[in-house]
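To start, the structure under review is shown below, and the notes come after it.
Think of it as A, B and C in the order they're written, each chain with its own count starting at 1.
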C-alpha cells in the first residue's frame, strides 16, 4: 500500500474515534473542538485544491465560509429551517460568488491574484457588516440547526460530528480522485508551466476558474456546517485574518498533499485551544511558531510524503 | 500551402526582431530557418505559435487567417511547437508529460473522476510517442530527473503527441550528444512524409540533410530563401552568415 | 447651497488628509515590494508602534514633537531588527512564505502591544498650538491639525520624490525597481540598500502612526485595516511606483471619505430613505474594493506598472 493511503487511513480512523474517546473520558468538550477541526479541515482542503494543484494563493477564502454560514443564518431568519434548502442555498450562492470572483481574479497571477481575492473577501466582509437587518457588525443568532426532518438531528453534537466527518471524507476522496483525473492533470500542468500548457492547446482560464468554483463551493459547505455548530454568524467569520488562518492550516500540513491540510487544521486548532487556555495572550506564541515553521519546515508536515510519492526512484 | 506568412513584423521597443518576413510552407515539407544568434528565429516561431502578438502582417494556416487567434486555439487547430529552452512539465513523469498532450488533443479534459494513471489506452498511446524518441524505457522518470538530452527528446515527443499538422521545432538537437541528435534527425526524416515541419536549427549538416527549403534570417530580415543548393551557392549568405562556418 | 459646498470642501479635505496618511504607509510598502519583491503584511505593525510610542512619550514628556521623533526612532529600530532577523532569509522565498511569516509577525506584535499597553484604546490629545481652526475660505473653518497632517504628507512626498529623482541612493532605488540583477552587478552593497529602504519605509509608517494618534483610537490591531488599504493603494498605483502610490492614496482616501458621507444622501435623492440608509453605507464600505477591481480589470498591473524586470 502507498504511504499516502496509510496516512489517510490513520487520519480518518483517528478522527472517527474522537467522539467515543471523548465520551469515555467524559470530556465532551473535545467533541466541540473536533467539530470545529473537521469544519476547518474542509475549508483547508478546499483551499489546498486550488493552492497546491492550481498555484492560486487565495487570500480571501474565508469569504466562502461566510457565504455558507450566512446562507443558513439568513434563511433561518426568514423561518426557513429546512436543511436541504439551506445547504443547497449555501452551495448555490458560494458557487455563484466563486464564479464571479474567479472570473475577475483568475486572469491575474502572482501577487495580483492574492490581492484581488483579498479585496473581494474584504468586500463581502463589509457587505456583512453593513447588513444591519442581520445584526451588522455584531452578527446574529440562529434559532435552530438545519432541519433534516428527524433523521439527522444536528442539535446532537455527536450527530453533527459525524455529519461533518462524512462531508470531509467525501470531499477528501473526491479531491484525491480529482487531482489524478484528466482535469486534475491539466490543472497541475498549468500550475507547473503555463506557457507549455498553452502551447499544447490548453486554454487555462476555464480550468483555473472551474477549480476555483469547486473549491469555493466546498468551502461554502463548511460555512453552512459552521453555522450549525455555532448557531451564530457574524462578519468576523469572513475577516481577512480568518483567510490567513486557513492558509496557515494548509501550509502547516503541507501544500499540495490534500491530507496534510487536514492535519494542519488539527494542529492549528488544538494549538489554539490549548494555548488559549494557558494564556489569553496566546497569539504571542502562535506568531513566532508560525514564523519558525515557515522558515525552517516550509514543506509542511506531509511534505515528505508528497516528495516520496512524486519521486519514487530517488 | 499549409502555412502562409505575409510581411510579418515584430518590434521590441526600437528593435525590429522580425522585419517583414514572408514565407510559405507546402504540406509535407520541411522548411528550415537559419541565421546567426539573435536573428529573430525564436521570435518568428513564437509569433507563429501565437505566444507573441505580431505588430503587422498576417499568418494563414490551413487556409484560414489565424493572425488574431490566441495560442491555445492555434495549438488546437494543429500547430504544435517545441521550445529552444527545455519547457516540459518537470514534476510529471515523461509518460505523464506525453499523456497530457494526448489528452488535451483529444479534448476530454473535464473529467473529474477517472484516473489518468489507470487509463490504459492513454498510457499505451503515450508510450508509443515516447518510443519514437527512444524514451520508452525512461517513461516513469520524473522529467526534472531526466538527462538534458532526454528532456530535449521529450520536448519533441510532447509536440508530436498533440498530432499536429504543422510542427514548429526550435533547435531540437541543441545540447544533445552526437548519437541522440542523429536519432532525432532520423526521426524527422521519417516524419516528413506525414507531417509538415518548420525547423530552426544550427547544425548545418542536419539542415541540409532534411530541408526542402531554407530561409536565412539576419537581423530579422530574410536575406535569402531557396532550395538547399541555392542557399549553399548564395554568395550573400556565405558572406553574411555561412562564410566562416566550418560546418559548411 | 453654500453650506453644501463648504461641506463638500470639508469632506474633500478630510479625504485628502486620509489619503496622505495612506501615502505615508504605502510608500514604504511599495518600495519594499517593488525593489525587494517582498510582501510585508507586518508593515501595519510599524504604523501601530509609531502611534503607541508617540502617545506614551507625549504623556511622559509633554511634548508632541518629542513624541513624534521618538515614534520615528523607535519604529525605525524595530523595523531594522525585523529586517535583519526575519526578512533576510525571506527575500528569495515565495510570496506565500512571505505572507505567512509577516502574518506571524503581525500576530506577535499585536499581542505584544496588548501586553505592554493593555487592551483598552489610548487617546492622544491634539497639541495645544494646533488645536484651533483656520478659515480656508471666508466662513469655512477647518481644523489646523488636519491641515498640518496634509502639509506633512505633501512634504514627505516631495522629499521622497527628490530623494528618488536626484540622489545616488535614489538612482539605485530606481534601478533596483526595474532591474535587480543590474544593481547587484554594479557591486552595490545590496543588503545595506535593502535595510536602508526598509528603514525609510518604517520611519514613514511610524510618522503616519504618530500623526494619527490625536484623531484615531490607538489600539492593538489598528494597523491591520490600514495595511489592507495600503495594499489596495499600491496595487492600484502599480507596485514599486512612488508616484503611483501618491496618486492612488489620494484617490482611495477621497473616494472612501466621500463615499461614506455622500453616498447615503445621494441615494436618498432617487431611492426611498430606508433603502438609501441600507445601501448607502453598504456600498460605501465596498467602494474602494470595487474601485480596485475596476482598475485592475482595465490595467492589470495598476496605474503605473513596473517596467520590464
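By our rule, a contact is a pair of C-beta atoms (placed from the backbone, for glycine too) under 8 Å apart; a residue touches a chain by one contact, two chains touch by 3 or more.
Given the structure is predicted, the values throughout are model-derived calculations rather than measurements.
Compute per-chain Cα centres, compare each with the mean of all protein Cα atoms, and return the closest chain.
Ranked by how close its C-alpha centre lies to the overall one, first comes A.
If I average the CA coordinates per chain, which chain comes out farthest from chain B?
C
Would you mind pulling out the distance in Å between where the CA atoms of chain B average out and where those of chain C do?
That pair's centroid distance is 50 Å.
Where the CA atoms of chain A average out and where those of chain C average out, how many Å apart are those spots?
Each chain reduced to its C-alpha mean, chain A and chain C end up 32 Å apart.
Quick check: how many Å separate the C-alpha centres of chain A and chain B?
Those two chain centres are 43 Å apart.
Going by the contact rule set out above, which residues of chain C touch chain A in the complex?
33, 39, 86, 89-90, 93, 95-97, 99-101, 103-112, 114-115, 224, 228, 231-232, 235, 239, 278, 281-282, 285-286, 289-290, 292-293, 296-297, 300-301
In the complex, go through chain A and note every residue touching chain C.
51, 57, 59, 104, 107-108, 110-112, 114-116, 118-120, 122-123, 126-127, 129-133, 240-241, 244, 247-248, 251, 255, 281-284, 286-291, 294-295, 298
Going by the contact rule set out above, which residues of chain A touch chain B in the complex?
Going by the criterion above, the answer is residues 174, 177-178, 180-186, 188-189, 192-193, 195-204, 207, 210, 310-311, 313-314.
In the complex formed with chain A, which residues of chain B make contact?
49, 51, 70-73, 75-76, 80-81, 83, 87-92, 96, 99-101, 103-105, 108-117, 140-142, 145, 158-159, 161-162
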